[in-house]
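In what comes next, chain A is part of two complexes: it sits with chain B in the first one and with chain C in the second one.
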Partner chain A sequence: MITLLMAMIRESLAIQHERDLVYCRNRVKEVAVKMGMGIVNQTKLITATSEIARNMLIYGGGGIVRLEVIIRGKQEGIQLVFEDKGPGIADIQKAMQDGFTTGRTLGMGLPGAKRLVNEFAIQSTLGQGTTVKILKWKNG
Partner chain B sequence: MEKIPILKMGKFLLVTIQVDLYDRLALTLEEDLIEMVYKTGSRGVLIDISALSIVDSFMGKIIGNIAGMSSIMDAETVVVGMQPAVAITLIELGLPLAGVHTALNVEKGMALLESRISSDPDDNAADGDD
Partner chain C sequence: MGTELFEILRKNKEKVLQLWLQAQQTETEFSNNFNTADELRAQSAEFVDLLLSTIDESNIQDFSPPGLESLTDYISSLTISRARQGFSPRETATYIFTLKDALLQVLSEQAGTDPMQLYKASMQLSKFVDNIGILSFETFITGREDVISQQSDEMAELSTPVIRVWNGILAMPIIGTLDSARTQVVMENLLQGIVDTGSSIAILDISGVPAVDSLVAQHLIKTVNATRLMGAECIISGIRPEIAQTVVHLGIDLSQMITKATLESALKFAFNSLQLEVRRIQKDKAN
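Then we have the complex of A and B:
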């Protein structure tokens, strides 16, 4: 029953201001707690969310986060898709390197976030925007 | 404007972060702290992050900045109360907070600051205690 209710969670959060980052982190935390995700996995997922959402705000001019509870076999997890219509990333390989940055951040965001989650996919088209998809299993 | 309070305790400044840290607030704290170190001539800054459920690369950078700036101003920085899950996440994120002193709680942080300041004159001794 709980699983069924959780499976219905599917929502979009707008990221336009710094404050939206806080709201987004809190919402991910709420869902993770409800699911019964352990504290370490929760913290990793929220930190990854914060990194990617901030990148989207700074470099992509803001965007949308789609939050969804995913059930695959016996596994239950949280999937987040970050979509912006910003300038896009010219060199994704570079953007995924530790310490590479074109701006005022540390360059840990994308590669760091990737290490914190179970699945990570990034797709970007110059002039059209960037989409980052992450997934963290409850017991992953 | 929202601000994080900075308390003066003897030779030290004490900051307890109790709210969700959004970026502007963190930057304001950084500026305020350095200003306070200058004004009060404090020798140490103690930052309690026990209420923070995450520290991401931006907050990590701010903590590093505070430690670096304080050190230039002849003050030591100690970060206390980091939750275990936050520590695990920071390392995997790739942010080891190099150059930042840490202690388990406020009491131990204070003791660390005291010891670093008292061992100040003989320069090599100061590096031996962490």
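Then we have the complex of A and C:
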């Protein structure tokens, strides 16, 4: 029953201000707690969310996060899709390298987020925008 | 809407006002504000005056400046002053929308018998007053948002106290999200605290920080470096196991910093470096 209710969670959150990041992280945490995800996986997912959502805000000029509970066989997890219509990323390979940044930050967001989740996909078109999709299994 | 209709409305200004005031009385269930009837009447008359002298054939189609500034400014300040006087948003909206009823009534009584013309004019007039309502609503929300952002600024200040736990040792517990604005406050307060108290050790406790992402980590590193530049040492405490694991996976190296799991172990470390010792007093059993 609980699984059934969880499976219906599917929502979109706009990221336009710093405060939206706080709400987004809190909402992801809420869903993760409801699902019964352990504290370590919760923290990893929230941290990855924070990285990608902030990138979207800083570099992508804001965008939207789609949150969805995924059930695949016996596995249960949270999928997040971050979509912006910003300038896009010129060289994804470079952007995925530890320490690469076009700003003045650590350049660990994208590669770090990838290490924190079970599935990670990034797609970007110059002048059109960037989409990042992540998935974290409850017991992954 | 033809010119003659605006003329009709302007000529019947007194009638509009009278109808509006009547409607206000029936709509306001109980008078929970301190405005006197005279004040309300004066304010409403001013509003009707301004509205009817502003509205014309072009701006009734398109609710945007130029030409409408004095009206929009008036509505904004009216909304703010009403909010301060304790009117609810519903009351202010009702106040504005009853004006529409009054205008339409006067129009229908005075504007001749062409139903198509009357219909068109009513639609345009309605839309115009709706826009006034929307503007008032937006002003109200913006006012609220200003209050909220001001409060969160104040909260950021309030929630980052610098505590002198011992001679030479400062502690600063951080609760909540450590965003860029907050970090600025934390850093300033901490550095000022070091100067003011001449402390040589500062403990930044992050037990209350929900997540440490790369930006928060960078802020912590900056704060530690700034503290060192002042000749003091900064210890980061309250790093929970899940945070430690996550930071490692993120790929961020905090090994240059002194980190402790709890505030207690940070304090022990601080005592140690100041060559202080905390001991239980041995009671003299001979007594």
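We take it that the second predicted complex is superposed on the first by the 140 of 140 C-alpha atoms of A that agree within 3 Å, B and C clash if a C-alpha of one lies under 4 Å from a C-alpha of the other, contacts with A are read in each partner's own complex, and residues count from 1 in each chain.
Just so it is clear, a contact is a pair of C-beta atoms (placed from the backbone, for glycine too) under 8 Å apart; a residue touches a chain by one contact, two chains touch by 3 or more.
Note that the coordinates shown come from a computational prediction; the quantities given were computed from them, not determined experimentally.
Overlaying the two complexes via chain A brings chain B and chain C into a clash.
Shared-chain residue A:Asn118: touches no atom of chain B or chain C. 18-19, 21-22, 25, 29, 39-40, 42-44, 46-47, 50-51, 54, 98, 105-106, 108-109, 111-113, 115-116 are the residues of chain A that lie in the contact sets of both chain B and chain C, per the superposition on chain A.
Residues of chain A touching chain C in their complex: 18-19, 21-22, 25, 29, 39-40, 42-44, 46-47, 50-51, 54, 98, 105-106, 108-109, 111-113, 115-116. Of all the residues in chain C, the ones that touch chain A in their complex are 152, 177, 179-181, 210-215, 217-218, 241-243, 245-246, 249-252. On the side of chain A, the complex with chain B involves touching residues 18-19, 21-22, 25-26, 29, 39-40, 42-44, 46-47, 50-51, 54, 98, 105-106, 108-109, 111-113, 115-116.
Of all residues in chain B, only 20, 22-24, 53-58, 60-61, 83-86, 88-89, 92-95 touch chain A in the complex they form.
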